[in-house]
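Worksheet: one structure, shown below.
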Amino acid sequence: MVALVPTLLRQELARLAENDARIDGRGRWEARDITLETDCLYNGEGSAKVVWGDTIIYAGVKFEMRTPWPDRPNQGSLMCSAELRPIAGRKYEPGPPSPESIELGRVVDRGIRESGCIDMEKLCIVPGEKVWGVMIDIHVLSDQGNMFDACALAAIAALRTAIVPAERFDVGEDYTLKVKSTPIMASFTRVGGRYVFDPSAEEELGGDERIHITLGDEGHLHSLQKGLKGVFTPDEFAEIFDVAQSRCVELRKLVANQEGN
Amino acid sequence: MGGYGDVKLLREDGLRLDGRKIDEMRPIEIEAGTLPGADGSAWVKHGLNVAVAAVYGPMEAHPRKIQRQDRCVIDVRYNMAPFSTSDRIRPGYNRRSREISKVTAEALESVVICERYPRSKIRVEIEILSAEAGTRCVGITAAAVALADAGIPMRDLLVGVASGKVEDTVVLDLDKAEDNYGQADLPVGILPNTGEIAFLQMDGDLSPDEFNLAMEYNFKAAAEIHDIMVDALKRRYEGGEN
Amino acid sequence: MVALVPTLLRQELARLAENDARIDGRGRWEARDITLETDCLYNGEGSAKVVWGDTIIYAGVKFEMRTPWPDRPNQGSLMCSAELRPIAGRKYEPGPPSPESIELGRVVDRGIRESGCIDMEKLCIVPGEKVWGVMIDIHVLSDQGNMFDACALAAIAALRTAIVPAERFDVGEDYTLKVKSTPIMASFTRVGGRYVFDPSAEEELGGDERIHITLGDEGHLHSLQKGLKGVFTPDEFAEIFDVAQSRCVELRKLVANQEGN
Amino acid sequence: MGGYGDVKLLREDGLRLDGRKIDEMRPIEIEAGTLPGADGSAWVKHGLNVAVAAVYGPMEAHPRKIQRQDRCVIDVRYNMAPFSTSDRIRPGYNRRSREISKVTAEALESVVICERYPRSKIRVEIEILSAEAGTRCVGITAAAVALADAGIPMRDLLVGVASGKVEDTVVLDLDKAEDNYGQADLPVGILPNTGEIAFLQMDGDLSPDEFNLAMEYNFKAAAEIHDIMVDALKRRYEGGEN
Amino acid sequence: MGGYGDVKLLREDGLRLDGRKIDEMRPIEIEAGTLPGADGSAWVKHGLNVAVAAVYGPMEAHPRKIQRQDRCVIDVRYNMAPFSTSDRIRPGYNRRSREISKVTAEALESVVICERYPRSKIRVEIEILSAEAGTRCVGITAAAVALADAGIPMRDLLVGVASGKVEDTVVLDLDKAEDNYGQADLPVGILPNTGEIAFLQMDGDLSPDEFNLAMEYNFKAAAEIHDIMVDALKRRYEGGEN
Amino acid sequence: MVALVPTLLRQELARLAENDARIDGRGRWEARDITLETDCLYNGEGSAKVVWGDTIIYAGVKFEMRTPWPDRPNQGSLMCSAELRPIAGRKYEPGPPSPESIELGRVVDRGIRESGCIDMEKLCIVPGEKVWGVMIDIHVLSDQGNMFDACALAAIAALRTAIVPAERFDVGEDYTLKVKSTPIMASFTRVGGRYVFDPSAEEELGGDERIHITLGDEGHLHSLQKGLKGVFTPDEFAEIFDVAQSRCVELRKLVANQEGN
């Protein structure tokens, strides 16, 4: 029974794709409305709220003081993780972290980490003794499609506004965390047989595999991930890779504009 | 309660550190219907607390063994986001959250007309995004608005509110410093129209007279918060589906 | 089917309540027989056994040596927790701690902690380095009604007989833990529409919400908790609060008598 | 086994530190029917060990996949209370308890007439309130009395008993010091009437001859404990429902 | 990626530390049908990596809620043995393994003709016994051979292979030092006959051109590995049931 | 339905037992073919592979540096544990460690530990500060009968080839771990009413209780364990104990031969 509706939905999405149309009238590479707000949570050392269509994400940054790993005595650490709690939607269930939430957190984490936007050595307080651990927590309040891109946007925006709480930990004055670049994720989902950008919840329900691409300021790749059932060809990848370049430039501007406020 | 005697919480002029009178609430803002995918939802800012609640259901209760033949069950999850407090909270199992979730669920089951939905389940998700003392009360208020937004019939709009004691003085609605260094906290869930109580916890030290005064403050504040809740619901339905 | 028997039971309890009667013939505020035994377990640094009607509870106290929290360098700690293992009754199932057992432990814990009967600074051994952690563990062997009051009684009685095992930890001679007062819990359950003290298992099965009140030596409130489905009025609370005062005085005498032995 | 060579466990006069002879048990007290809410129960004090066992069932086995068409399953939980030992035991998952629960369940399934209750489950709960070496044996004895108290038919009353080795000497029923510093421990579950063995573990170092002597001690002690068990059950039924 | 700039990974002669050319794979050995009790199995040695995969099923999928009416689900567990790495890995929950298991399962569901087995489940167990960079790819290769050995129909034999970047040079098939100190890693799962990609991850730093070159190396290597896979399957069926 | 096949199998096994025969033609005390390979895994500090009939086991040894227990400042530690992951057979399910896997690990552990083959004081690096923790991990790739004996054999063979990785931990040069003896396990399962050595998977399916015996170089007992449903008499034990003595001598030779290679 559950299988029936998706079947009809898939047929409709395939029909629309033949006419290069989408179920909500958008163009193939067109995003829904996106608003970004930063510094919106009292206790976060950095915070951001992203409303992307009907998808709503909060990200918050916290700092911990810890001892460095023995093999990297003068490096702090960064960790980004996502919680996909049952508030996020009807289909989400309570319980231990699902594979979906682990994947979400790790893909966003890799994009930020591998971009090198944080200099781990700058997070050292006393070599071999005390370093900062930076924790970015992503909280999905509403998943109505394209959660990965919205989460990645919230995470980097929160990180870029973070204040290192040195006073609270008694190691000097608070200062702004230095973040050298703005890695951005753009994701594509196969809907009706061809890839589209920013799928809605309905398109995800009737769609196939998705590809997550994180690009740095110079357009280099920092993270890739294919999720869900489906295959793609190198040519298909080349096409979405070009789109990803331009979408990431636009989203990066959104972050910059917010910071300019 | 922390109960440290040496932190001044009342000023010479009788007001509190943040300038409030002893029976004055922190400012409250409420918005109903903030989460598009939920059957009902609410956003509540109370002082620097921010809580979001979502309602999903009524839906079939499963597994079977949780079903009640004559009513629905209400499944509440109260959760503090990792970034909601000064020190990060590790996600996962947490005894405090489990207890609050249990007694909050029982309070909501006391006001929802559960008999209307036999064998069903209503999921209530309460997420604290920012915490500044009193989050369980803010969560209850948010949950009640979200249930109303979902169209679930209730005997009354449940209001979460707390009074406490600082420097041997009963005060309404403790803020963070007052919670950390105060002498007692009395969070309750009140049905303003019936004058009944559906949620009650307390810790610290209160004489019987102090308890009665704290309860009086709570009932007075509950009436005020109730008006703000009703307002939010009116705005929601006048404003249409957004 | 399970729902049927409680329905008949509820009707019977309501009928009895109209005549101000209880199913086992007790008065509305009358307790079942209570026996208290302390110092009954070889390895507990303090221990107590409570037989309250057919409800049987053991509590044991253990001490641990630990480093103090950074923000309270000269304070030890106290923690009370309850296990509601499947031995306690047919309805109890194995698994991770249930919400019921967490609530039970935390409500008893708050009553003892908030009464201030333990001076946390007296638990300091070396400021900033070593303090005592006091653990009260409650073990429910048989739940046949009013488990909360029986657990609270066992916990404070065990605590009041505890010996600090300083010799075993090589920090001086053993000595009796100083406990300044005797917080006592009295609980009330709505049965047949009105509150009664000390419900039996049957009354709990056919009853509604309950209110737990912990009072200190001077009759001050230290902990309150409402559990289960149901509402009450301030007038109803005022009535049981008066009863709680006298019941707590009687139970406190029971503890004192046992200590006099 | 600890196996430290330098702790004296036998006195000059050939007796043990607590004055027992090498083939002498610690004192044992047993009471049946101590838990009013259980279908069967027992309290056993053996030396300073205290174990309580409760039996619930036979009841329907669920989930379905644990059901056996031709017999009941016996679900045993052996657990040590946090305050039962010198250092507090953290509640929760514990490899030692799981192993003991498994082999105890298998031993009890070997003596209960399981075919009498197809598709059923019998829950056996063993709680160690005080531990002084040999708790698994005390638990087995308590479980057997509780099963008998519940009226579950068995081939024989299973008796838990252990012998061991200290200072190269085989001794019956190790106490705490002997367990900590001894050389071997051989806990068994014996059916005294049939002379069969349903439970067997051993660790340490035993020559074949030492093993045979330890077994001999165990069988002799099992007969004695059996009498105390029967006595407890008689008192229970003569005394009525208690 | 570690991304340390100061470790030399390419020699003066342009070859890599272990003597390989930049587009040269580590040696690979594959054996099919190595586990007698499984429906299909494979052993793959790739450099110093050793992976074993077993397939059980198709079998009925339960619990019911994981069943799909129109196809089978593939349940993959990728696991590293505690002794497979330099520092011992604690058994149990592991975020990295869960993610790899998820995306590997999705890749295999993309090549198996899942519609052939409605309401069924196929279990694929991948155990890494020895790890030396690239284990997820070796696991994919082993799983594909095991599925073929089990006679499960597939659109093509999926091949796991990775390229990466060290010292600003794109190289095929990173070894341990290259993985630790390199600049990028691009593991993919390729269908050599259709030229499609069913598995894709990447981390580090790659320009668009570097990405294209790394992909070119991967496709070339996939064809070579494919031949070795086919060989192993042929030997298995010529050699009979062992 | 599942219960049916075992019933027929049990009848067949009983019939064979009457004629002193086994389902695969072996003698009552006869083992299947056993091959032992050591030093077979790149990252194990010691490793072994046992193929025992169709049962396939890997064991690997790892060393950790840790602080000693306060009451044993100059002793290291040894721990052996087994994972019974779903690869081992159709009947094995994912999830937390099953009672079966815990028992397996602990029985093998006790046999090795209690034999005294490792001198814990030799594992001390700096008294009170640094000691070696030796971890033997057993990995069951294929369980086709008599898993316990195969696991115990793999574990001791891996341990006896272990190299202490002192260089990697910067405390001197690598050296061979000293293992003073070769404890060996022999297990017996009741099949068709009488005990046999080395049951096949089929014999286990239609069999009853089993007895695990671990013997040291001098034929002393170091570990015993009865598992599964069933009882035995002292006479039965005496019979298998004699067989265990000779089987253990043979298996010990297998280890010695491998080391001689």
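Letters A, B, C, D, E and F name the chains as they come in the text, with residue numbers starting at 1 for each one.
The rule we apply is simple: contacts are C-beta pairs under 8 Å (C-beta built on N, C-alpha and C of every residue); 3 or more make two chains touch, one makes a residue touch a chain.
These figures come from a predicted structure and were not determined experimentally.
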Quiz item: Can you list every chain that touches subunit B and also touches subunit F?
Solution: none
Quiz item: Going by the average position of its CA atoms, which chain sits the greatest distance from subunit C?
Solution: E
Exercise. Please identify which chain has its centre, taken as the mean of its CA atoms, farthest from the centre of subunit F.
Key: B
Quiz prompt | Chain centre separation (subunit D, subunit E; CA means) in Å | solution = 51
Practice problem: Quick one: report the Å distance separating subunit A from subunit F, using the average Cα coordinate of each chain. | Solution: 48
Quiz item: How many angstrom lie between the CA centroids of subunit C and subunit D, rounded to a whole number?
Solution: 31
Practice problem: Could you tell me which residues belong to subunit A and also touch two or more other chains? | Solution: 96-97
Quiz item: Should the pattern of chain-chain touching be classed as line, ring, star, complete or other?
Solution: ring
Quiz item: Round the ring starting with subunit C, subunit D following: which chains, in what order?
Solution: C, D, F, E, A, B
Exercise. Going by the contact rule at the top, pick out the subunit D residues touching subunit C in the complex.
Key: 35-38, 48, 50, 52, 54, 56, 77, 79, 81-88, 91, 123, 125, 127, 129-132
Quiz item: Hey, which residues of subunit F end up touching subunit D in the complex?
Solution: 3, 96-97, 99-100, 102-103, 105-106, 110, 113-116, 209, 211, 216, 218-234, 237, 241
Self-check item: Touching residues on subunit A, where the partner in the complex is subunit B
Solution: 41-44, 47, 54, 56, 58-62, 64, 81, 83, 85-90, 94, 96-97, 135, 137, 139, 141-144, 168, 201
Quiz item: subunit C touches which residues of subunit B in the complex?
Solution: 1, 3, 68-70, 93, 95-96, 98-99, 101-103, 106-107, 109-111, 184, 186, 191, 194-208, 211, 215
